[in-house]
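Each of the next two complexes has subunit A plus one other chain: subunit B in the first, subunit C in the second.
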Partner chain A sequence: MTVLTSGSALASAASAAPKPRRSLAAYWLIAPGVAWMVLFLLLPILMMVYVSFWTQTTFKVEPILTAKSWVAFFSSDTYVGALWTTIRIWLVVLTATLVVGYPAALFVGLMVRNKTTATALLVLCVIPFWTSFLIRVLAWRPMLGGQGAVNIILEKLHIISQPIEALLFTELSVVIGMTQIYCVFMVGPIAFMLGRIDPFVIEAAQDLGAGFWRIFRTIIFPMSLPGVVVGAIFVSVMVLGEFATAAALSGHKVNLIGNIIVTQVGSLKWAFAAVAGVVLTAVIAVIVAVLLRLVDLRQEL
Partner chain B sequence: MRSAPILSDSSTGIPILSLEAVSKRYGSRIALDGITLDVADDSYVSLLGASGSGKTVLLRAIAGFEPLDGGTIALRGEPLSDRPAHRRNIGFVFQNFALFPHLTVQQNIAFGLENRAADRPSARLVAERVRAMVDLVGLSGLESRAVTAISGGQRQRVALARTLVAEPTLVLLDEPLGALDANLRARMCGELRRIRERLGVTFLHVTGSETEALAMGDEVVVLDAGRIAQIGAPDTVYGRPADAAVAKFLNCYNMFAGRPGPASFETEGARLPVRGMPEPRSGAVYAIRHDLIAVRPIDAAVEEAEARLTGDFLASEYSGPAVTSFFRLPSGTVVTVEDHLSHREPQLFEPGRAYGLVWRAADALVLPAREASRA
Partner chain C sequence: MHAPALKPVLAIYTGLFLLFLYGPMLVLAILSFQTGPEGGPQFPIVEWSTYWYRDLAGLNPPSRIAPLPIESGLFRSLTLAFMTTLVSTTLGVMSAQAFRKKFAGSGIVFYLIVLGMMVPGVLVGLGTALLSNTFGVDRHWWSTAFVLHVVYTFPFAFLVMLAIFNRFDSSIEEAAWSLGVTPIRTFRKITFPLIFPGVLSAMLFCFTLSYDEFSRTLFTSGRDLTLPLAIYGTFSVEIHPNIFAFGVLTTLFSLCLLVVYAVLMTASVRRARQTALQEEA
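Coming up: the complex of A and B.
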């Protein structure tokens, strides 16, 4: 009892003592970051929203507020179509990176129990990044073209008798290119989460009588979900803002919101470009918010 | 190879688990070297061994996590070789508990019943059995907690409940108390025995702690370097270790190397009388338990049935119920003497002074000298 009393006395003394004043110096640590983000992210975004309401004429844009650009954007089949194309390609690419990336992550993160080997395999995934992004995109042209590598190989194997023309300069080629380029961003986070699963936990599930698919469905997949969400956020943010892959591999046939922005800026239509930018930002924000809702990342990571 | 005595004395006569020449190697390292063992139904067997003795490998092999290199494992007389881990119905309690971190206490316990390959009970039955098990292990009120939000002792109970609710034929416990603090460990010891007796299921409990093994087991199996060094009741193992390795591992014997003679043992420059031991073969050690040695003044008389060595007092350690004193013999060997304070008044010794260390000759053992592979 004496121990208890003295213990609680100590506790109350501790709580009664004045809290140490948080040093102002701590805030100086984030000052450069905050300044940078305000100057080069927050202000430009606000400016973008502002400019989207400016008056656009053929040759100049004036700071006279109007909703004309917004009306023009949403009444144009080209722009609205680009919005839907963007969302469609995003969904397809997200699914494709998950389908291709998850098994790879499963292998690296779970089957390979040697940490050095797992790291080496992940580095292997990153090797394509040693070449520039544009080179990687353009390299798909000689792969997918009518006289490209894929067609030649398929013909030599007598699987096809004439080249598949649909491989290049179609939506398919854009999806193939994007899946290859962004897949690694899906593999990394998932492999990381899978690598953190205690092997004994899987053995415990096995010991309790569960077969492989049961264990996958009830233990492995739920525990890797935070990795899937983080990977999906990476891929989504990058694919939604894409324009180069679409331009290079579709022969300008597939127009994403990103491509619209590029052409509008190119022809000095700042107000239209700003509308497209605001729409794109809003779409990304909604998608990221929804993805974050799926898993409580703060708790899981 | 040593042949294992059969522990089984249950009514059915069929041991619940029988191992026959089980062996396992990793590269050139032999982890299990022809283990033959029968475990009786409805018993508590502790498997004692130092780290690296192969005790965890043996447990994992029985559970089906490690393939064997030789020998057979049979459960109720049925060989297990072709049965994967998830179809063996052997419970395994992991040292780190290995709970499912994304599930609640309730979901953890229900996991086996809901997800096992065969014979899944209805949801209502699952709920019923989980509730009964929660009551048995004392987790009432914590069912909907996350397993990351409960204490170490409670996690231990979840691990146990999760295994027991599936009604396994046999439960393997891999150092189940290792992750708990001393206080909790003592309490869980009693709990484990109580729960086991209530359910009548056989427990095979692996531990590196000799006190835990002696306290828990109806039967103690001592494993050394992948072989069974001794099987017996706790008091037999403690009082009559099979060889020097077991005695060393029990951590309660002074051992002297030397030469056995007729009814005596020549060691430390003295000829010590030996009573009631079979004539030892060559390569023997003389062993006397720490707590069976009396310390007397150097000039005190020695009786006929007593053995004596003299040593200089070095130091004492006080450990609550006992005082441990250390004496150095002329050869440099240190002798440990344990005095239980409830039996004797603590004696005060003068550092550096010589004392007579005396014990009854009949208390001493002469053991085969097979050394423990690892201290």
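Coming up: the complex of A and C.
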């Protein structure tokens, strides 16, 4: 849904037809929004960068510039470890959402040629989003626990004889939870791009004797790539900024950068929190920039 | 498609995928009917009961399990979501209206606005907390948290309205202008009724996103908790089925919102169509 709108937004931003009248009016209309974003979005981020160089004492920070917090961050095994954990979880979840989501998107976007059915299926995927994010995370606890639904079902089917304890309060449970929550952001954009493939192109390929895999490799996948990239950007940004899923499902075993920020703020270590924040910002910026390099979105959408 | 076996396989897969999406919520809903106060948040169901729903309503005798602190949080969250919806939708309509014409710097402004929904909540939350500390501004849910809720939801309203204006036929407006109607009157009488379905969608987005938002609120709401923060607080302690019952209720509330939206939407689309027909006649 978001992609639908942002896709057309990109297009409209690029192709807004120039009109001669009321040239100043646009600036008056846009000014409040821009002011709001500069004051409450850009300024806080810049402040975070600035404070990361302040001096941290026991309970407060003082505006005396130093790189101490930065040195402390990168010489601590806990913090650097959290950075690697964040990147590892991001990679695993990104792959998992793609692998789990792509077949579903293939069905919704390509196989269902009836527009109403396709929309209904997409709406079914989106409805869980109307429920609270935190409740959705918490719902995995009774699923994955030692006496959880998954273990009970597996035991009833005689697949396992003893409950798998490793399902909950491990890295695996965090990955499962995140995959379920963010998968739809992958499915939506991909299904949207697949829905735009002209069925005659595929038919023509079939008539010329191409098998499914060949068609998939040469037509379907390349044409869905912008959707994959948009989905990957959504999933990446959200997973990298996460802390709640790890807090709820890992039993404090998984520490992401987000969790580090939360604990540092909790103990009033503002400068350390700011350093972690800047590191996270940098990681996200690099990943999004790389993803944007993969396809020219403005052109593809 | 040629591979004949593929379609049914993918159909079954999609069914399983939907089960994956809905399964946890179903289990949670079933377990919310666990007996209390001794029944735990797991299977088996000792006895079916509505104990935890009555617990939420404060109808049960006091037990060792503390009630969820949701009452005041609910009021704050609803007020906050309402304020956010008003401001974000207004900003969204204004900005999208500005974007109907290309102006110098429109590219940068577009990315600046969209950045608001992309930057993770922890980061803006942290930055805002640092700012308010430095300037000695107290943090409250209705001040610092509210400001960030708008930063988060305004881009959604903006994108929705951009999509609406993109398909908008501006010849009616031009007709009004050429007849000497002031731009403000034209907007009120012609443009706004036509874009109202879009405005409704933008409002729905803003309300639900704000109602559920917590990573931006965590560092910026000060002492008073919003509803999601109250839920987040239970993460660190033992959970009880009362939170499951609450999850079911809050889900039903969101679905009710969706139904209200659908009803209003149908009505307003019909009205917009009538307005358009009148203009044509």
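Here is the rule we use: the second predicted complex is superposed on the first by the 278 of 301 C-alpha atoms of A that agree within 3 Å, B and C clash if a C-alpha of one lies under 4 Å from a C-alpha of the other, contacts with A are read in each partner's own complex, and residues count from 1 in each chain.
The rule is short, and it goes like this: a contact is a pair of C-beta atoms (placed from the backbone, for glycine too) under 8 Å apart; a residue touches a chain by one contact, two chains touch by 3 or more.
Please read all numbers here as calculations on a predicted model, not as lab measurements.
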_Using the superposition on subunit A, tell me whether subunit B and subunit C clash or fit._
fit
*First, second, both or neither for A:Val237, with subunit B first and subunit C second*: second
*Which partner does A:Leu43 reach: the first (subunit B), the second (subunit C), both, or neither?*
second
*Once the structures are superposed on A, label A:Met223 by its partner contacts, choosing first (subunit B), second (subunit C), both or neither.*
first
*When both complexes are superposed, which of subunit B and subunit C contacts more residues belonging to subunit A?*
C
*Tell me which partner A:Arg214 touches in the superposition: subunit B (first), subunit C (second), both or neither.*
first
*Tell me which partner A:Ala204 touches in the superposition: subunit B (first), subunit C (second), both or neither.*
first
*asked:* On the combined arrangement from the superposition, state the nearest Cα-Cα distance between subunit B and subunit C in Å.
replied: 7
*Across the two complexes, find the residues of subunit A that touch subunit B and also touch subunit C.*
206, 211, 215
*Using the touch definition up top, name the residues of subunit A that touch subunit B in the complex.*
198, 200-201, 203-211, 214-215, 218-219, 222-223
_List of subunit B residues in touch with subunit A within their complex_ = 63, 65, 84-87, 89-92, 94, 96, 98-102, 111-112, 115-118, 162-163, 166
*asked:* Applying the document's contact rule, which stretches of subunit A touch subunit C when the two form their complex?
replied: 2, 4-6, 8-9, 11-13, 16-19, 21-23, 25-27, 29-30, 32-34, 36-38, 40-48, 51, 100-101, 103-104, 106-108, 110-111, 121, 124-125, 127-128, 130-136, 138-143, 145, 147-149, 152, 180, 183-184, 202, 206, 211-212, 215, 237-238, 240-244, 247-248, 258, 261-262, 265, 270, 273-274, 277, 280-281, 284, 288
*Could you please specify the touching residues of subunit C with respect to subunit A in the complex?*
1-3, 6-7, 10-11, 13-14, 17-18, 20-25, 27-28, 31, 41-43, 91-92, 94-95, 97-103, 106-107, 109-110, 112-116, 118-124, 126-131, 133-134, 147-148, 150-151, 154, 156, 158-160, 162-163, 165-166, 177, 183, 208, 212, 214-215, 218-219, 228, 231-232, 235-236, 239, 243-244, 246-247, 250-251, 254-255, 257-258
